[in-house]
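What follows is a pair of complexes built around subunit A, which joins subunit B in one and subunit C in the other.
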Partner chain A sequence: MHLLRFIVGRLVVYALVIVFALTVLFFVPRLGPTDPVEAMLAKVSSQGAYMDAAQVDALRRSLADTFGLNGSLLEQYWAFIKRIVFTGDFGPSLSMYPTPVMELIWNALPWTFGLLLTSTLIAWVLGNFVGLLSGWRPNANSSRIMEGIAICLYPIPYYILALVLSILFSYVWRIFPLTTTIRGAPWSWELVSSIVWNSFLPAMSIVIVVFGWWVISVKAQTSALKEEEFARYARLKGLGDGRILTRYILPNALLPQITFLALQIGLMFNGSLITEILFDYPGLGLLIYTAVLQGDFNLLMGTISLSVIAVATATMIIDLIYPLLDPRIRHR
Partner chain B sequence: MITIDKVTVGYGTAGFIKAVDGVSLSIGDNEIVGIAGETGSGKSTLMRAVYGDFSTGLRIKDGTITGRFVDQKNGQVIEAPSSRFHRLWWDQMSYIPQGSMSVLNPLMKIEAQVVDGLPKRERGGSRADLRRRIADFLAGFGLEETVLDAYPHQLSGGMRQRVLVAIAAFVNPRLILADEPTTALDVVVQKKILLMMVEIQRRLRNTLVLVSHDLGVHYQITDRLVIMYKGQIVETGPTAEIFANPQHDYTRNLIAALPRLHGKRSVDRVGEAP
Partner chain C sequence: MRSFFAHAPFRLYLGIVLIAACIILGGILPWFAPGDPLVWYSAPRNQSPSAAHWLGTTSLGQDVFWLLTYALRNSLLLGLVVAGFSTIIGVFLGLAAGYAGGWLDRVLSFFMDALLCIPSLPILILMAALFGGQLAMPIIAVALIVFNWPYPARQVRAVALTMREREFINVAWFSGESSVRILVRHIFPYIAGWSAANFINTVLVGISTESALAVIGLSSAQQATLGTMIYWAINYQALLAGKYVWIGSPVIAIVLLFIGLFLVSSGLSMRSAARRMSV
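Right after this comes the complex of A and B.
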């Protein structure tokens, strides 16, 4: 009963957050001075098309209809929310008319998801492992070397690192392709190897940058937990290092790391932008980039809404599974 | 059981900060020894050196601490300096810390924390069997079986302290060291836990060393009392005798500072805090 109320309460908050975000997304562009219909009309007439007043009026009405700009603001808002919440429809893309926005997003999503999820997880596991060991034995040479590497990697701006990797490994040494071209029939070995081959460099760039951050944060966690009273008590019980590390330090160190991981997975849709532009990777980031460049209003709305939903979903999932991981917040 | 011979203990690897200064003491079988003294008197440092907990820069500069244990199972005699006691931890000797909130792993159930570290001789039988024995043992401390499935944060301070006493006693050790085991508790709970510790000692006929700044605690349970001041032992003897006829000025002051039912307690003191 208690649990049910907790879950339902969390789901309600989740829905409210998304509706609130959609509301902001709806109103902000409409508070601005630009009118997309007039902008479109200006674009059409600037391209030299001649139309009489009746035709202009007809076009204006039909544009307003396609853009969902008919009726009062409140009516538009209600129609907008209804359309997105109940049908998940963001309308057609303006730059790739008449392909629906959702279709473009669904095509791009697996790429972004596959690339970022894999590389974030690899960096997380590696970073936690190295950070845990170097926090446990801060004076060992291997720990110092790993920490040195992490501190050097951590502050490099991501785009610099990605560019350096790209220049070194696909221009100077020509090991990896400069832009992404996927070949092969669906589900063939050729396709899989082509995907891995093309994704290697962008994935490496993410792993390297994020890895440094994980190492530093887990190391700080571990060296603090090592001095906790329960760690000392475990040592005075005569328990071995391995057992103290895996049963006492690791679970306590991982708790905050799991929160960070979920937030990072939620945020990765925004983070994908630079990676995908630099490596010409056909994911969501490239889609957002095109939408901005082409003034594709619907596509922009769709991609931004999706990233809001992604962050909200990630935090909700964490909130729901956290009580399973930490007994202290299980019984309120 | 434990022989402390003119031992000087302190901290630091480059410099050396003396905490215990040339102390000699012998701790025998089947007795409760109390070590009393104010904060900074060196009592906890001495206890750590006796337990063999040489971490955070603690080291013995002069003198020796040696132990002599008889293995309960094969009757073998183990003699070792305290620097090698770590092999005897949770086997021949165990330790009761002050039961603050963070002394038990917050993510482990109590049962697992009792089992973790147990020597082989106490582990025998199936897991269910072991659980049964632990539950029976905890019942002796007035703790229900549900405590085994609880996490530390679900227990009160008094329950946590009883669990810590139980964990140390379940090992069946020859020597139990307790560092301020009742300091954070109210006097009613304190009394209960002290009585349990006495009962365990009488039953196991082992040695209990109790470190506390609270003379009232020592008065209630210890057989023999050691008073420390500025890193040295200023007085030692049977507890009743020390309370009846304190020899050293510092001891007299400590006893005079105890709360009493009639009259005013003394507030004068010797020297400044170390």
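Right after this comes the complex of A and C.
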């Protein structure tokens, strides 16, 4: 009963957060010093497309519709929320007319999701391994060197690392491709290897930074935990180092990482956006960038709204499962 | 070498040295610039590093060294403004929420949680795209403050909540001290160390987010920042031309500055944690 009330409470907060996020998105175009519709029209006409007065007027009306600028503010707001929450329809893409925005997003999502998931997993496994070992003997030389490396890697933003990696491994030593080109028939070995080959550098730029953080935090956790009573008990019982580490220390060191993941997921998403743009990686980040460059505002509103909702949802899900994993918090 | 990263103070000192170097480079040297380094063709084009131009010149005829000092100055300024306002607003609202409780606490807590869930970069990209393709620095600063005050606020609220139950606060309360005095004399020392660490960290986040926006060309082009310098270098094919010093100097400056900021921030929070233990 306690648990149910907790979950319902979190879901209500989640719904409120989403509404809040959408409200922010609704007001951003209205806060600007310039009228987005006129800015958009200027962008379109500056690209050399000739339109007569009637066409311009039609475009202006459809743009006003996109931004939901018809009717009173309250009506506009309601229409905006309704369109996103209940229909999930962002209209056709203006630059790749008439492909619907949602179709473009669905094509891009697996790339972003796959990139983030794979690199986070790799970094997590590596970071926990190195962090546990160096936390077990915090004063050994190898532990200090590992922590020093981690401290130098973690503060570097993803895009700077992406830039350095692409300069080193694509310009100076031409090992990896500069931009992403995926080749091969569906479900063929060639396709898989091409994806792995092209994703290597973008993934590395995320892996290295996140790895740095796991090493720092897991090392601190481990060196504190191994002085705890239960670890001493295990040692007095005559258990080996390996068993104490994996069965006694690791589970306790894992828990705080979940809260960190909740806080970090937005930053990681921000980072992956720029990484994708720098490597021409066909995910959500590149789609947003295309939308900005082409002045495709349907696509822009769609991609931005979706990424905001996705990150908020991921954060809330992690927040929700945390008490389910940690019995100490559940009964509060 | 043995105790290289083991003791918090050393980490703190190393970080302070790195930041001091950046402040000298970005805070003092711009006053001695021979002219506005942003102006095109104020120096010979495509020079390699030499005595006259320490880091060479760009293909637009700008001196890379002086451009770098200007970029550092603007980036640092942005970071400090964002961190300063975020910390002040965050500490104030966090104390208010934790100390007052009730509906004020609920409303403020909701805004903290909601803003922490929203990724800032997509919103900034949207604003840049809608407001004519580039965002002016003051707008970026305001947006970043809006997204960054919840971090200190949440932490300060948690501290204030536990403080309300502590004995010595009750003693102060019953001996007739005013709430303002209790806040300043008894609660503030607890959050000062952590707030300083968070302040430094917010400087980092602010500079980092602006640079991210600038690298893809959506920040102000009228001002040099570390990010716009990278953007110009990429855009004018510094890499194809093999001008690695041009693109390398802002990248190295960012990396050193961020490592310095991180060392100071983590050193400060380690020190304040150690002090709290010993009390």
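Quick notes on this one:
To be clear about the criterion, the second predicted complex is superposed on the first by the 272 of 332 C-alpha atoms of A that agree within 3 Å, B and C clash if a C-alpha of one lies under 4 Å from a C-alpha of the other, contacts with A are read in each partner's own complex, and residues count from 1 in each chain.
FYI, contacts are C-beta pairs under 8 Å (C-beta built on N, C-alpha and C of every residue); 3 or more make two chains touch, one makes a residue touch a chain.
Everything numeric in this text was worked out from a predicted model, so none of it was measured.
Once chain A of one complex is fitted onto chain A of the other, the partner contacts of A:Leu239 are limited to subunit B, with no touch recorded for subunit C.
Contacts of A:Ile206 after superposition: neither subunit B nor subunit C is touched. In the superposed pair of complexes, A:Leu261 makes contact with neither subunit B nor subunit C.
By the touch criterion defined above, A:Arg144 reaches subunit C but does not reach subunit B. By the touch criterion defined above, A:Asn252 reaches subunit B but does not reach subunit C. Residue contacts after overlaying the shared chain place A:Leu115 against neither subunit B nor subunit C. Once the two complexes are overlaid on the shared chain, A:Ile160 sits against subunit C while remaining clear of subunit B. Subunit A is touched at more residues by one of its partners, and among subunit B and subunit C that partner is C.
Taken together, the two complexes place no residue of subunit A in contact with both subunit B and subunit C. Interface residues of subunit C facing subunit A in the complex, by the touch rule stated above, are 2, 4-6, 11, 110-111, 113-114, 116-123, 125-133, 204, 208-209, 211-212, 215-216, 218, 230, 239, 244, 247, 251, 254-255, 258-259, 261-263, 266.
Residues 13, 16-17, 20-21, 24-25, 28-29, 32-34, 36, 39, 43, 138-139, 141, 144, 147-148, 151-152, 154-157, 159-160, 163-164, 167, 171, 263, 266-267, 269-271, 273-274, 277-278, 288-289, 291-292, 295, 297, 300-301, 303-304, 307-308, 311-312, 315-316 of subunit A are the ones touching subunit C in the complex.
Contacts from subunit A toward subunit B in the complex involve residues 228-230, 232-239, 243, 247-248, 251-252, 255, 326-328, 331. Within the complex formed with subunit A, the residues of subunit B that make contact are 51, 53, 55, 86-87, 89-91, 94-95, 97, 100, 102-108, 116-117, 151, 153-154.
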